[in-house]
Amino acid sequence: MQPGQMAYDRGITVFSPDGRLFQVEYAREAVKKGSTTIGLKYKGGVALIVDKRSNSKLLEPKSTEKIHDIDDFIGCATSGLVADARVLVDEARKNAQVHRVNYGENIGVEMLVKKICDHKQNFTQYGGVRPFGTALLVAGTDDMGAHLYETDPSGALVSYKATGIGSGRPAVMEIFENEYADDMEYEAALLLGLKALNSAIEDKPKVESVEIGVADIGKKFRRLSEEEVSALIEKL
Amino acid sequence: MQPGQMAYDRGITVFSPDGRLFQVEYAREAVKKGSTTIGLKYKGGVALIVDKRSNSKLLEPKSTEKIHDIDDFIGCATSGLVADARVLVDEARKNAQVHRVNYGENIGVEMLVKKICDHKQNFTQYGGVRPFGTALLVAGTDDMGAHLYETDPSGALVSYKATGIGSGRPAVMEIFENEYADDMEYEAALLLGLKALNSAIEDKPKVESVEIGVADIGKKFRRLSEEEVSALIEKL
Amino acid sequence: MQPGQMAYDRGITVFSPDGRLFQVEYAREAVKKGSTTIGLKYKGGVALIVDKRSNSKLLEPKSTEKIHDIDDFIGCATSGLVADARVLVDEARKNAQVHRVNYGENIGVEMLVKKICDHKQNFTQYGGVRPFGTALLVAGTDDMGAHLYETDPSGALVSYKATGIGSGRPAVMEIFENEYADDMEYEAALLLGLKALNSAIEDKPKVESVEIGVADIGKKFRRLSEEEVSALIEKL
Amino acid sequence: MQPGQMAYDRGITVFSPDGRLFQVEYAREAVKKGSTTIGLKYKGGVALIVDKRSNSKLLEPKSTEKIHDIDDFIGCATSGLVADARVLVDEARKNAQVHRVNYGENIGVEMLVKKICDHKQNFTQYGGVRPFGTALLVAGTDDMGAHLYETDPSGALVSYKATGIGSGRPAVMEIFENEYADDMEYEAALLLGLKALNSAIEDKPKVESVEIGVADIGKKFRRLSEEEVSALIEKL
Amino acid sequence: MQPGQMAYDRGITVFSPDGRLFQVEYAREAVKKGSTTIGLKYKGGVALIVDKRSNSKLLEPKSTEKIHDIDDFIGCATSGLVADARVLVDEARKNAQVHRVNYGENIGVEMLVKKICDHKQNFTQYGGVRPFGTALLVAGTDDMGAHLYETDPSGALVSYKATGIGSGRPAVMEIFENEYADDMEYEAALLLGLKALNSAIEDKPKVESVEIGVADIGKKFRRLSEEEVSALIEKL
Amino acid sequence: MQPGQMAYDRGITVFSPDGRLFQVEYAREAVKKGSTTIGLKYKGGVALIVDKRSNSKLLEPKSTEKIHDIDDFIGCATSGLVADARVLVDEARKNAQVHRVNYGENIGVEMLVKKICDHKQNFTQYGGVRPFGTALLVAGTDDMGAHLYETDPSGALVSYKATGIGSGRPAVMEIFENEYADDMEYEAALLLGLKALNSAIEDKPKVESVEIGVADIGKKFRRLSEEEVSALIEKL
Amino acid sequence: MQPGQMAYDRGITVFSPDGRLFQVEYAREAVKKGSTTIGLKYKGGVALIVDKRSNSKLLEPKSTEKIHDIDDFIGCATSGLVADARVLVDEARKNAQVHRVNYGENIGVEMLVKKICDHKQNFTQYGGVRPFGTALLVAGTDDMGAHLYETDPSGALVSYKATGIGSGRPAVMEIFENEYADDMEYEAALLLGLKALNSAIEDKPKVESVEIGVADIGKKFRRLSEEEVSALIEKL
């Protein structure tokens, strides 16, 4: 790091001379250090696959759960600063509940994601705060079908067919670019997701270190049981 | 960058000794890195043409849509920071709705653009914030005819017959200065726009990587269908 | 620029050791780069003459209009940052309307200009903002006759018989000091103004690149038609 | 510490270029200097064990009590800045009371810990404050069983079976990783905890320098009597 | 200016090690650059004499008027930043009007000056603002007789028999110390004032470049007519 | 001044490494430059003696009065920044009036002084302001007898039998330490005070340059007449 | 002081890399420079002993009183910045009165001390202020017996049997560690306290330079009379 760079990297309300927001980019570094988190669509739904390997047997397994319900039909997984993620997930839940109270219906996935991202964007334009050091993969279904969104610390949102965030993203994306196909069947998609995770963590996933959430159109978002995960890993 | 320069480039509330606002200029750099976005008028209307080439097949096509409705008769396209753009588009929509509620009529294009630009200007004069790193092309029709406005991060607005923003602007403007004529017919204008885009991206536009929105006087702002875009590209 | 200087040039709430406000002086530099704008009184009225040469045929002519109505009997022209100017003109219009609503009469020119200048001064004494990077020439008539005011970024106001702002000011002032006379007739005054503009832009004014507004005592402020401008240029 | 580092270590609203929050990390150093505090679960409950050795006979023993009741069924122990800890414990108590008033029931342990951690996270994202320089071990029971949570200055929370904070953490964790087993009996677990403390303070615990709190499912959180502690130490 | 000095000269809320407020002293420099303004008492009244030489014939004479009415019996003249002066004069007028509304009587001269000075002092003790770069000479009459006050940027006020501010102060004060006498007659006093002005501007005052205001006990504050000024200059 | 020192001397909310508040100490320097002000008790009362020598005959004598009434039975004199002193005296008067309105009795001297000092202390602990650069000697009587208080910029208050502030303090204190006795008679005390002033200003006091205020128990605080002062000086 | 240190010692909202709060530590230095203040318990009560030697006979003895009543049964003594101490004592008194009004009973000593310390802690975590540069010894009795608390600038509180603050603390603590015993009789304890003070000030205490306050269980907090102090010193 040169002194020249240091002159722009402080304070989120400052552009660098080439039009970059360093604080936002630094926040993305926090995401890049996060655990690998994968999302991909299949025919009729969308899945989240998370690496929850723990480096200590002293941790409560429940404590390492990394897939969160936001609403009945929407779930999410995060990479980056865990306390920031918790705050964002709470924000998302509150938005979903407020929508239901106001309109008597489930919030659409895109609207929900936009609300989270507007919240994130605010933290990149006003002084006295820092951006959220966390990215979210939001998976859910609504009247428009199944959706998979990735949000980043800038407040940008992108809708993917298949994607990954966290430290394993490069490995995951390479596999998906080569092998992902539209309208994959449920099992084929999840096996591909596990294969991508396998590649990212350079280890075979084990039932206790993988968490999978699925949103099937017309059904509630749910976590796969250990048996379901086991069966998938076996087939892998 | 010399130390001497560094002394003025922080904080939007600071003029440089030669009367420049560096933060606003740096925000313009973010626009110059954005995707190429073109607007041009034709006899009886105005069109927006956007480069939406994606570097990944994993992206949902809908996610890359870059033309946004603001009101029934007004649409816009943006270049620069995408999260900032989303916030500005929402601001514009809110202004349009508030106008309708208050006055029972569609907001005029110029009034709408001025409101967006006043919002932008605020972010260049008051401390604790940064300018918006995004430019908008606003195309629309009202009682006064068809309009095409370009807004920049300073809050300046200019009404063009034909213009382009984003990384391809120099190439686009060169073509338009040479070949654009007042009162071009619809098809001729759109073909010229596509030619300009072609020149900017140094590649032939494909139906899946071009998005076109048109505002015909007396009709609602609408996106061209794939068939319409295809037909135009073919003719190109 | 020496390091010694740099120590006072930031933050508007800081005097330099010799009692100067650098930020205000830097804002004046933004004015000095603006387009040439001329105002001068004649017998029974006052005129504004603006250079609106455009460097692109793609611009809508209306977009480059640089003379603004503030109230029925008051108009203004600006030099400097265009977004700042728009905000100030809106502020001026609001003041004029509020006055009419409160008192049932047109606002006096001097009172209006003072209100604009108080607004400007505020931006030079309180922290967290920057001065307006724009100067206004305000021309108008009221019960006291015809008035021509120049305001600068410090919030100072001066009443002139004839003056110019923007990049051509030195050339304009030289001509006026030598050739301007009290109680010139309408046509003579406008021809002198065009001559001054001619000298400032080092080019002969053309009908499409000159905008002229006049406030005749007892009549509303109005822009000259193309024919009127043409006729004047011809005589020149 | 190099000058290069110094450039990011101030202000909590600033990410370092590699995505770290130095102020949060520095706050963790305050925790690492704190007294050793241990928590571990046993069959049917959870215990907190604290090193309260005093370096002066002039201190009132009560003053050195380091285990605090939060609610009838929840207790906690802290490491780090003692004034910060007191403020957080008060915050926790208030949350527990508000919950009871609002819902007529005891607050769940996880909900309570999340509220504390949201409070902590706020102090890492907004300017004008510093993070809390304290970590909490929260032990309690509710309808879901016995819980042991560790919170850190970032606002992260982790549910452990057995853990330690403060200066002796490395020694404690080494013992637990090797010797802790699920579903240990009450006495075995407490003896293991005392052994870990023994190892951390490199001294045999004495009845007057150890404080133990236990939360048995279905019973209120309570401190062990001197006799109970004595008996345990004897067995050790 | 040495670096050592630079360390205290910013921010009004900072004392220098020797107990000075540099920002206030720098603001006084702005006053020292102002036009020469003189006040002196005579038997039964008090006068203000101002240098209003203009460097351009294009200025409206009225625009250069530098003596302002505050209330029927009080007037003032200023040196320093003109926009700051206008704001202070308005503040003074408001105070005078509020007093009349509240108490049904004219405000006393001392009370008015104290209110202006309290306003000024505030701008030297609270952050986020800068001191007023202007000094006022206030001349007026009330039940206590005729008064002449000088206020400076610190908010200090001094009651003089005769004084001067602005660039010519040293020359003016030298003359007054030598030649001013208590209870001078009206004409003698004004001739002495003009002589002092003469000395300060190193030129003979002309009727168009001198402005004189007088407050005679029991009469309203008024400006001398051109004839009166002419007559005085003639006698000089 | 070394760079090392400069690092703590700014901002009142910063302690130096050795626990000092530099800004408060610098404010005391402003007091040390003030005019010499003396207070001393005598049997049945307390007196204030002030050096009001003026360096110009042009000043109005009244303007240099330096002893202020606060309430019927309390007066004060100040050293340091005069505008700050005026603000503090006003604050004291307001406190005295509010007390009378609320409780229907005169405020006690100690209570009044504490209120002033709390106000002063606030300006040493909260950011965005600077300490008052002024010290007050408050002399008054109440049910508890006669009181003499000295307050300093830190907000500390000390009750003296005899003391001095301002540039002559060292000379004054030396005399008082040697010659002041408890229960001196009125005249003896005042002559001692004048002797101390004499020593401080290295000149014989003259009637026009000395101002004396006395608070006799049971009588209102009052200024001595010129005759009284004259008589005292004669005896000296 | 090295430049490296300087980088963390400003602003209370900043941790140093090793988890320290320099501003709090610097505030403690102000305490260490304070006058020696001693507190110790005896059978049935608790005493405060303060060094109030004065370096000037001109001070009013009452002014140097350093033991303050907070409530009927609670008193305190302070070391450090005297203006800060006064503010804290007032805060404590207000808390005691509010408690009585709200609950109709005397506030408990611990609750009172916690409230003071919460107030102090706030000044170490929020920006724009500085910590209190003062420590308090609070002595009092309530239903739980006699209590002696020491509070420091961080907001930490410790309950002691015997302790000292201020410049003499090291000497005092050495004596107490060696000679203090639980349940000392009243006289023995006070003689030990005086001996400790003797050692700290390296001089024999005199009746006029020692102030003693005692809180006997069931009796109000009171200052010892001169006779009582005399008798104790004699026995010493």
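Letters A, B, C, D, E, F and G mark the chains in the order given here, with residues in each chain numbered from 1 onward.
The definition used in the following text is that a residue touches a chain if its C-beta (ideal position, glycine included) is under 8 Å from a C-beta of that chain, and two chains touch if they have at least 3 such contacts.
None of these values were measured; they are calculated from a predicted model.
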item	value
Chains touching both chain D and chain F, listed by label	G
When chain D is superposed on chain E by its C-alpha atoms, the rotation angle in degrees, nearest 5	155
Distance from chain D to chain C - Cα centre to Cα centre, in angstrom	68
Intercentroid distance (Cα basis), chain E paired with chain B, Å	55
Whole-Å gap between the CA centroids of chain D and chain G	30
Multi-partner residues of chain B (each touching 2 or more other chains)	11-12, 127-128
Chain contact topology (line, ring, star, complete or other)	ring
Circular arrangement of chains, read from chain F onward through chain G	F, G, D, A, B, C, E
Residues of chain A touching chain B in the complex	4, 7-8, 11-21, 114, 117-118, 120-121, 124-128, 148, 154-163, 173, 176-177, 180
Residues of chain C defined as touching chain B within the complex	1, 6, 9-12, 22-23, 26-33, 56-60, 62-63, 81-84, 86-87, 90, 123, 127-133
